[in-house]
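Each of the two complexes below includes chain A, the first together with chain B, the second together with chain C.
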Partner chain A sequence: MSRIFLPLEAYRPVETSYELLPFRFTRFTGDRELLVNETGEYLFAPAGTVAKLVDRKVVFGSPLYSSLKAKQFIYDSSSSPNLDLLATKYRTKYAFLDGATKLHIFVVTLRCDHSCHYCQVSRQTASHLEYDMSTSTADRSLVMMMDSPGKDLTLELQGGEAMLAFDMVKYIVGNAQKLASQRQKNLDIVLTTNLANVTDDILAFLKEKRIKISTSLDGPAFIHNANRPRPGNNSHELVLRNIERCRDVLGFGQVAALMTTTQLSLKHPIEIIDEYVQQSFHSVFLRPISPYGFAIRTRRKTGYQMRAFLDFYKKGLAHILDINRRGYHLVEVYTKILLTKILTPHGTGFVDLQSPAGAGWNVLVYNYDGDVYVSDESRMLAEMNDFTFRLGNVHKHSRRDILTSEAFLEVQQASCNQSLPGCSDCAYQTYCGSDPIFNHATQGDSFGFRPTSAFCERNMEVIRCLFEMIGKNDPDTMRIFWSWLTDRNVSETAKEMRV
Partner chain B sequence: MPSPQATAGELGFTTLVLESCQFSRDAALRAAYWFSRDLDIEFPPSECESTYTVVLKLKTVLPMLDDPKPKSLAELVSEFQNALIDSELRVRVQRETSSVRELLLAKAFAEAGVLEDNPPGSFYDPVQAAQQNIQSNLITITPKE
Partner chain C sequence: MKLTTAGVASGFDKAVVGIAATSPVPPSERSKHIWVGTVPPDDVAGYRGIITISDSAAQSGSPHVHKVREIDHISDGDIVVMEPGSGFVRSLYRPADKHNSIFATERCNSNCLMCSQPPKDRDDIEELSERNLELVRLINPPPAYLTITGGEPTLLGDRLLTLISALGKRMPDTAIHMLTNGRKFAWTSFAHQFAAVNHPNLSLGIPLYSDIANDHDFVVQAKDAFDQTIMGLHQLARWGQRIEIRVVLHAKTIERLPELAEFIYRNLTFVEHVALMGLENIGYAPKNMGVLWIDPNEYQDKLHEAVLILRQRGMNVSIYNHQLCVLKPDLWKYAKKSISDWKNIYIDKCDDCEVQDDCGGFFKWATKLHSAHIHPMKRDNARQ
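Moving on to the complex of A and B:
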């Protein structure tokens, strides 16, 4: 059998000029520049590289030239722009757009037995039954949910405290599963709850229907109880006890917890993280407070500058890495989301950090009264009499009406960071997102103003901080990052990296 | 790329005279956007096409709770000059790559069927196509028996 090859001279590098492919860049510490191409591949290069690149002064055949070519920042006559490959990478990064609305949040009731200072919800006391969702609203909401084109849907039931209206939870779950089976959809169900009212009957139902639990754990008792007051001041004790009950009945991995950072939390990153380890959680999400609902009214108690939160995050992340070094697998969720975008070809389904924004396109919120919103945060604005992001009502409008409403279109227009001032040039654009609702709430304008935006300040600094670590390429840290991305223990990743 | 020339004013402002061939107005506007938190920035009408001026005025010098050590005008001007150079480079990269980018996005989302018009230029990758047409240069190597 014979094989055919080009003549030998065809394989010798021929000095030639090069063409640029789209990329963005930023100056970086250590006299470096960080270049990021359209699909999120990055390259650290010496300061002045971009100027040389534009002036065609990068030396042909140099290691820098080869790296730029390999990572598709440039192409020359011996290569090709290989647009099909770039387009595939691009499509992979934006796969979250496929299937449209996947997360459907049902606000079953506004009633709640806690009175948290930062609550995003305009809660009502436990006796106000008029703030529960009716069966007709639930039916209409379910029809609208099932009209979503995606095959994989998530139904999140929340409140107030959803368990206070558990008959309605049962009604929605039963009908949702019936409809999903008729329409051949895969349905995941999550119940967001403070777990204070869980009973054996409720647990049996959750087990039967394979419902996951998402609860709140703000840290040790002195933080949790201060943030989440309830009669008896025993929220922490109840949540810990009931997390264990849920794990026993539903399975260990069926229970997740989230924390919210208040002014009090800011001083205690270590204690909060240690509490998560003590309760055997393997992930913690260091989340800043949202500027909605009661968080606006109680700003003095709960509010803080983003700079203070970033200090908290950095101290927390350092502690989490240390815990991982000592052999306990603990993921910081926001960091993992960003690392997925930076170090892998994939995007994420995290709706709060997408462009176009996840609000509306990937998530819809059905309020107890049938009003539909682009996100839980926009519902909070409505509780403050700002109905900017109300898309319609399930009793009056179809899914088509909702997705062509002025409010929906405004969110989409204001949420493509590819074309927003400040974002369109930003090196971190591919990894970041946009949040028109946050912009509207904090700056009075959906498009927002980047130089004073807390969203921008947080994400630019967190991404910069992660690149700082990636740039150092410390083997221990990188092993931990990859263990997070592959959902394995550090020791397993370490073995693999040695091989 | 040389830095733009700055002239310090008497009343807490600085005027930059920029050559249009070195720094486009687009680049200056993009740089100005990021400094508009700390500076009032003016682009007075220009008398000639080859140069234009940018006036930078400090908004406040008073320490605030969220900014206890505000930057001086000199510091901000120096940062603005660097930002201007970066902005100009970004404008040039974008100018040079915008058609490739459009083509890339068109290819990436073509299967969604959302394109109303064909994007400008050829939809094919010319270098790949050319490389597939060089069969005439191929030689044959037959292994020894």
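Moving on to the complex of A and C:
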């Protein structure tokens, strides 16, 4: 080898002009522009940057040029592996498409002992056995589920209140596990329940079969009981007592709780979040109400404008960050999902915010009567006599029939935000999703109209708000976000990453 | 510490590798041993070779290096090689040291501005490969870890696969860390063959100096090196190899260090460790110090930002070859005592320092050039 060293210039590409890779952008507060590429890499830059970039006026070797190249917004004659890197990241972000239908929701019964105002499911009173799933429907549904190509499947059992038809739950679980082992599938089972009817026998069964619990906790008693009426008005007391019983028997991490935001809830973000901390939960999901089922009929009682929800979300998130700053690990689930999309190279398995939409492709719902829907929400539309998204029936159709049905294609056509008007050039498209069923329910059309869409309003504002925080780069906030993203306790990261 | 000596070679024309015996060994075990002593023993029969200070010429036909300048640095049990012609005697392996390495070749396909061990364009591959295979046969008991270095080990081609395979079979519990520029792994077939050796305990240390191709290529003085290394890293990941990224910190790598950290997380998420290393003032480095030198004191903010980026993202990171008194206290817990015993020193200013025991100190060749901010520390500032 020689001891002659060449200067930096000798390693420049011969051709220093550049080409653009796909990216989207938006004006941002503080006289900035935000650029986002296909895999979610972003760059804050001074206003005017995009125009300069497009006019090929960014100078080779400048810090801006280097960042644009390293983040794969542009390529030049020395970028060959950069395109491979981009492709790898793209594949990673879209890994959720592998395996097609992974979440299979079984509506075991429509019977329920609660009469929640916002109920997504059309409940029947506890005595109507004709609203239970039959063994033959369960058998046919399980066959269709196991015909899905994926190796990892989730079976979610819900109602009504599934525990009221627990013999059917046992029947489905037993057969599902048998079939899964025959077909060499990994099977996760989740039981969605209000927990009011749990018994020792039920708990023993759930433990034996390693079934996870997903329950509802809407906040402290005055909110929870108002949102979730039942005879005796004791839903809150029952759910708290039984969450503890489940934790004792099944294990602490086997029990998750979700909240739904009603008009009453909107005024009490702090109290709701504090209730989650009080009950030792480490995550809370600030979820708006869905415009389906009883929620539509009882709109005056439960409905509200998206703006009011966003206000609730922001107050809630600020409070959650405070709680984390004080050393208690508490994740806001939706924020974590979006931050995963923004700050990491990983994808998420969250079916309600993805493109192509999860409905149909990643989720199927098997109703008690054998009808198959693309999502729980589309089943609710059917209960309101809108059968747009009914794909078929397990007694008459195969998985192939279902996935080539007119209804399925209707959903798929409108399921890619990459090609939806108003989404195709949106800076936040990569992080967002599409929801044809929501569009249909609220705007009468699967494609939807973005300027008046509550889905769009919510996600645009939540994502903008998160970028505002990311742009500020407050060390404490970022430390908390990263502890969520890497599943490390905030108190641990506080010690490790002192700044 | 000395690792080489020389004398007058006679009685052999191929390098002889053996275990140093400083006291007589029973005849049945002599075939693996090389006698090392002031004078030859009375009975030399059966030794693989003889190394002596004395002027006595070979009494037998066995390989012999006499009139060596010194032997005190060779301990009983060390593995040494006697080289024909030159009469060099090199210590290849010292059981008493924690840091031992297998030197694969002096050749390299890069020519880094700061190379601590400048490559030589001499075809030593066959010779060194045979020597190293014999070394592997002789090491007993196996050490906890062993480094393969060079030059660029991947230039060995198939011979590297043979070496790694031998290490895997003879000492499966020894952690092997191979330092390579990773370029050759860009060729899928080589990466696949390498992974197919299936060594149970192997990791690769691969340098990456920038998130920008031409900046990296300039540092390693090789066109397309960045492309090959990046593609090599992805091939290795594809075949499940364990990887450490190594970044030598100097004026040409420090500017975009935080951006490099983010690039590693976004594009090389699979790496299990990132080592941020201080510059060694040896090899090519002194010659290029004009372009390379930056006082570590001046880059603390960049270093801190890069460490924070990696740690926040849950990546393992260590700082090598830095003295605690120039590092921000927040970074102390990432500083490792990384310098091998024999090249590790402290300077006069360190005498009054209360945290010297926790400090990695200097390379012995840092006496001429080191941070202007070296100063004794009080224990109060020590690791919290």
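Keep in mind that, in the parts below, the second predicted complex is superposed on the first by the 474 of 499 C-alpha atoms of A that agree within 3 Å, B and C clash if a C-alpha of one lies under 4 Å from a C-alpha of the other, contacts with A are read in each partner's own complex, and residues count from 1 in each chain.
Methods note: contacts are C-beta pairs under 8 Å (C-beta built on N, C-alpha and C of every residue); 3 or more make two chains touch, one makes a residue touch a chain.
This one's a predicted model, so the numbers in the text were calculated from it and none came from an experiment.
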Could you look at A:Pro421 and tell me whether it touches chain B, chain C, both or neither (first, second, both, neither)?
first
On the A-aligned overlay, A:Tyr94 touches which partner chain: chain B = first, chain C = second, or both, or neither?
first
Please work out whether A:Thr486 is in contact with chain B alone, chain C alone, both, or neither, and reply first, second, both or neither.
second
Is A:Asp84 contacted by the first partner chain B, the second partner chain C, both or neither?
both
So, A:Leu6: does it touch chain B (first), chain C (second), both, or neither?
both
Who does A:Thr452 touch here: chain B (first), chain C (second), both, or neither?
first
First (chain B), second (chain C), both or neither touched by A:Glu41
second
Once the structures are superposed on A, label A:Ala70 by its partner contacts, choosing first (chain B), second (chain C), both or neither.
second
Examine A:Arg27 and indicate which partner it touches, taking first as chain B and second as chain C; both and neither are also allowed.
first
With the touch criterion stated at the top, can you tell me which chain A residues are shared between the chain B interface and the chain C interface?
1-3, 5-7, 10, 79-81, 84, 88
For a test of understanding, state which residues of chain A touch chain B in their complex under the given definition.
1-7, 10, 19-27, 38, 50-51, 54, 75, 77, 79-84, 86-88, 90-91, 94, 305, 307, 421-422, 425, 450-452
Over in the complex, which chain A residues touch chain C? Could you list them?
1-3, 5-8, 10-13, 41, 63, 66-67, 69-71, 78-81, 84-85, 88-89, 344-346, 478-479, 482, 485-486, 488, 493, 496-499
Mind listing the chain C positions that touch chain A in their complex?
108, 111, 113, 118-121, 211-215, 217-218, 221, 223, 226-227, 230-231, 234, 256, 259, 263, 265-267, 269, 284, 287-288, 304, 308, 311-314, 330
Can you check the complex and tell me which residues of chain B touch chain A?
1, 30, 33-37, 66, 82, 85-87, 89-90, 92-94, 96-98, 100-101, 103-105, 107-109, 125, 127-128, 131, 134, 137-143
